[in-house]
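See the structures that follow.
Each of the next two complexes has chain A plus one more chain, namely chain B in the first and chain C in the second.
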Partner chain A sequence: MSAEKDKNFEPLFDIMGKFTPYIYILPTLAITSVFLIYPFINTFFYSLLKWDGIGEMNFLGITNYINMFQDPKFWASFSANLIYIVMYSIIPVIAGLIVSSLIGRTELFGVRFFRTVFFLPQVIASVAIGIIFSWIYSSQFGVINQILGVIGLDKYQTAWFGHRSTAPYAVGFIGIWLTLGFAVIIFLSGIQKIDESIYEAAKIDGANSTQQFIYITLPELRYEMVVVFVVTLIRSLSTNIFGIVSSTTGGSYGTRPISLYAYELAFVQYELGYASALVVILVVLILVLTQIIERIGEGS
Partner chain B sequence: MISKKQVFKNLLTYSILIVLSIFVLIPFVLMFLGSFREHVNIIINGALAFPESWSIDNFKEVLIEYNFRYYFINTIIVTVPTVILANIFAIMSAYALAFMEFPFKRTIKLFTTVVGIMIATPFIMIPLYQLMARLNLIDSYLAPILPQVAMSACFATMVLRSFFKGLPKELLEASLVDGATSWQVLWKILVPIAKPAIITSAALTTVWTWNAYLLPLILLQDPAKVTLPVGLMFFKGRYTTNIPLMLTGTTITSVPMIIFYLIFQRHLVKGLSQGVLD
Partner chain C sequence: MKRSIFVIVVLMLVLASIASVVSAQEEVVLKVWDNYFRQANDQIIKDAMEKFKQKHPNVSFQRVARPLDDLKMQIMAALPKGQGPDIMTVNNAETMMGPLVRGGHLLALDKYAEEYNWEDKILSPAVMNRARYSEDGTVLGKGNLYAVPFMGELVGVYYNKEIFEELDLNIPQSLEEFEEVLKTLKDAGYIPITYGGLDDWQFFHLYGEVLGSVLAHDMGADNAQEYLDDIVLRWDEDRSFVNKSTQESASILQEWVENDYFVDGFSGLNGDDALPIFTAGKAAIFIQGSWYSGDITVSDIEAGFFPFPPYKKDGKLPPQVGGMLVPYGISAYTEHPDLAAEFIDIVISSESTNEHLIDNNSLPASVPVDTSELERGTLKYDIYTTWNEVNDSGRLGHYLDWISSSMWDTMGEAGQNLMNLDISPVDFVEKIETDFRQWQDEKPKAD
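Take a look at the complex of A and B:
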């Protein structure tokens, strides 16, 4: 941290003497404190209450949390989220690793075009994505069912969003579409950075391409894997999945994630306390999972 | 001489890339083509067919009769001030965090970067609604703007701080010797140099604000005030049966960001792939 001290410039303290830095930091600090940190702390406080948002607050203690663990709807949303973690995060990371190592260090023609295409889903609103896919999956005039009909697989035509056995996976598949290209680009740029001589040395030692992948590529891509895991994990639990599910199934047939259940409890049923307890669990889940990923990424 | 193995490798590489590109692009092509079709033609000719004519009637109908022109303007009203404010705030806070020492700096830095970025909308939605209601801001454009500014400013502070810290200290020393004030040093010397980093954070915050759904959903309840993603969901709720009109609304929502992405691609890719986790 000595580098920090090096960059301390006394002559900069000219607006209000030693208070100058606070003047510069004030707008960001103030708006962050009032509109992010204060409500964030309040979420924890609310989770201990029974409150409809208008009437009197009743202090419950941890009752909301106890009730949550006995609420089948909570467990349903929890297991929906587990499916989304697998399909938004784990599958795209694994598939992205395989695809990008197959491409490897090839000098590519048209790399800019592919990068442009693969990144495109990242700039589209989640609800817009959801609406396109609700047509693709639609039972009557949908794209998938029509293709199945054309190639003679009529028996597989189904209401994709209309059964518990298909709906969560159909929604989860959108995550693969959304993230696979993103993962491939990040991993490719990581692979390009690996020193060629490491591979040369391994080849001389007689390592085959699978061994090279496991012992060189994977460890060297640690940072990139952490980036993709964390970004996609947060998506599968937080705002992105909220938008995708709202605009596709609306949460029915086992597709409702924790964030949507909490929203419905708070803004439709006015159970602010219980909803906040769900949010707290969501926060804990995200923090624990991202910490685990970052620890694994740092170690090994 | 190109070896057989290399030819095979290239063939494999390009097959993978092309298949993956088609996989990514299909939904966009379907959306775009679908927004020129008529519902009855989807029923007759099926989902996979070209538009019967390239008429822009759907766009006229969605923009005028279904209020998308207001949603569009509302989205701009929310996005532009958010991006400008967030980045001005961030330029200032990154400056202090990069070049000045002061008490409580570590804590302040934590709150205005990492913690702010970590707090996602669902984490605060319930108390935030209560707060905005108490401030009498529900249905005011300020309601989605203020928290969005906070989230974006924290992200931008992190990006700009690490950029500032990478600058040679001689740069600041030289200008300070010339007798410039700290305010002048920031805006006349640092900001022009930091232009690439500022464009990166501004481009990312633009896309986030434009696409935000949950924040305007809870804070703007007047249908005349909602932004495109929320308007699109209103529309879906009411007219689910007309597929081309829904796709037209989706096109109107996403095409501005697609164009924006094509213009600022380099910055957006850079920001999304490294800035998020500095």
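Take a look at the complex of A and C:
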């Protein structure tokens, strides 16, 4: 009876046999193709052209790529991105591991409150974050300079966004504030999955806190670390950084990332071909770095 | 029978004439895309549309008003396909107008300029040249007229009258006197100049004002204007940015920085941060554009405005930085070019346009402005008399970022480095020159 019933109610896709999984992924594949793969192929095609977006297309081959590597503005943007990778990704991951291991295995009073506080920056638009930090860093009205004045460190008061020596790091610090909470939340959830008996066994074997962190917590959190590294890396190269730099320094004083440079080339200077070459390199850079991170995560 | 035929013929004639009237009154929709979405300018366009509809009741408007950055992308995408608006704002030079002219997407307006007498009504002919391109779109500043503005812009010197009176300072008549004023202000404990160095364009205007004064001294006011026209508008390869005047102007700004004439931490302030330092009465001078006059008028300080002075006393008025608000152009694909041109003329010429502009301290493109009704000694009076003087003498200078398509980027960075004393005046002008030379290779050329 039951077998008969099952036969009667066999899902439609089951009759497709081995093709059934492809039916399920078809919608996602279609959306990805339309909104990611096709635009990327198109962008690569544009990167081989000299084109202002509306006029005649002139085929240049790889000239835009050659020009890019000789363009000091590209290298300045690349340098800014390296600083952002450190401050949006590497420092928050390290600091996040330390903070989460300190609070993750103790019964901290008000832990929910702290989680909310840590996560709060994630729900604020990057442009709003930029505006808030513009006020905090303001050379005339900013709270940082005021605090420095109050505690007698007037000589350190400066235009934080107004010098090459400070502006990229001032923008980078926003990244630490922004992504540290994200890292802590992910790592906390990972730590809570670790079986407490492993730590107890380590304690019996004489492992101290540092050894427990290195030999138990870190290996157990490798998948969480891959996730946090990949997400923050993408933020430091393209998504968050674009809005934050646009709404703070506007890209001045060595703060312009590759993504903002590409935008300005495309929509201010109408160098769509060259801008596309920058975007292609940015995408390749993200793909390569995320693959390296994933491989390291799997290997460990 | 004959009578019946006669009646039928009369009826047919009546019907035919009704049909022709109906077809003459065919409903027309004019699509207008512009960036005049702020209240004051928005009202100007709405009033002009109402006035136009009274004359042409069969015409209605479909208007999209959005920030220029958004609108620009939509226009640049739509026009090449023969789609988009009949009338739209077209930013000057290579940001929009050049590529659109080269693609044949803009209608030349010379016929209408003659019909509506725009050359006499609007700004000075030299200024109108900024909306001209050669027919192939390779030379800016001459050839066909492709757009017309209803509003102008002017950079000059705002000053705090109360501070000037307190320190017994007069409006400086020369660069030397201007620098004496700065020193007196500094010695008296005031911030001489407020300035937002984080915004690239603040530097273009500041440097442009000093450059105009130095150039006019070194080569004469007329030749200075010619030099600026050649290098900014015509991208003349025989001109160079490396010369005594450009370097001296850069040196002057560095001396002002070294003498602490600018607000502390100016490099980390943007234009909107710099303004309240002036309107709070902390800084005595703000060298900026007419677009700030509304905010300054409603502040608590009593302010005046004067053009940047000549290098030497009794010298001719030097070129003052300024130009036109993003002007209106007409699509080459419109089916109603005559109606579109008539609408633009109403926007430009209407009395209500000028009333709105003057109410908001904005500069009408239609000059001279009648100042007889304005109260002397007010900021409004100062600005309009300066505007008339600049237009009358043909001394409206240029926005220096027009020198090349990448000059905004290049001069913005070089200017910030200059003001932070990170590079020398020589390095500064060489960076501009390098960009200008590169533009000679890349600029649009005739086939």
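Assume the second predicted complex is superposed on the first by the 262 of 300 C-alpha atoms of A that agree within 3 Å, B and C clash if a C-alpha of one lies under 4 Å from a C-alpha of the other, contacts with A are read in each partner's own complex, and residues count from 1 in each chain.
In the analysis below, a contact is a pair of C-beta atoms (placed from the backbone, for glycine too) under 8 Å apart; a residue touches a chain by one contact, two chains touch by 3 or more.
Please read these numbers as outputs of a predicted model, since none were measured by experiment.
Chemist: Which holds for A:205: it touches chain B only (first), chain C only (second), both, or neither?
Modeler: Neither partner.
Chemist: Once the structures are superposed on A, label A:267 by its partner contacts, choosing first (chain B), second (chain C), both or neither.
Modeler: Touch partners of A:267: chain B and chain C.
Chemist: Does the superposition put A:253 against chain B (first), chain C (second), both, or neither?
Modeler: Second partner only.
Chemist: Under the stated touch criterion, which partner chain does A:196 make contact with: chain B (first), chain C (second), both, or neither?
Modeler: After superposing on A, A:196 lies clear of both chain B and chain C.
Chemist: Of the partners chain B and chain C, which touch A:53 in the superposed model: first, second, both, neither?
Modeler: In the superposition, A:53 contacts both chain B and chain C.
Chemist: Looking only at chain A, is it chain B or chain C that touches more of its residues?
Modeler: Touching more residues of chain A than the other partner does is B.
Chemist: Tell me which partner A:32 touches in the superposition: chain B (first), chain C (second), both or neither.
Modeler: Touch status of A:32: first partner only.
Chemist: Figure out whether A:162 sits in contact with chain B (first) or chain C (second), or with both, or with neither.
Modeler: A:162 contacts chain C only, not chain B.
Chemist: Which residues of chain A are in contact with chain B in one complex and with chain C in the other?
Modeler: 53, 138, 141, 267
Chemist: Could you please specify the touching residues of chain B with respect to chain A in the complex?
Modeler: 9-10, 12-13, 16-17, 20-21, 23-25, 27-28, 30-31, 34, 42-43, 46-48, 88-90, 92-93, 95-102, 105, 108, 111-112, 115-116, 118-131, 146-147, 149-151, 153-154, 157, 165, 169, 172-173, 176, 181-183, 185, 207, 210-214, 218, 228-229, 232-233, 236, 243, 246-247, 249-250, 253-254, 257-258, 260-262, 265, 268-269, 272-274, 276-277
Chemist: Applying the document's contact rule, which stretches of chain A touch chain C when the two form their complex?
Modeler: These residues of chain A touch chain C: 52-55, 73, 137-141, 145, 157-164, 249-250, 252-253, 264, 267-271.
Chemist: In their shared complex, at which residues does chain A touch chain B?
Modeler: Per the touch definition, chain A meets chain B at residues 4-9, 11-15, 18, 20-22, 24-25, 27-29, 31-40, 42-43, 45-46, 53, 99, 102-104, 106, 108, 114-129, 131-136, 138, 141-143, 146-147, 150, 177, 180-182, 184-186, 189, 226-227, 230-231, 234, 238-239, 242-243, 246-247, 259, 262-263, 266-267, 272, 275-276, 279, 282-283, 286-287.
Chemist: So in the complex, which bits of chain C are touching chain A?
Modeler: Spelled out, the residues of chain C in touch with chain A are 69, 72-73, 76-77, 79-80, 94-95, 99-100, 102-103, 105, 197-200, 263-270, 273, 277, 405-406, 408-409, 412-413, 416, 420, 422.
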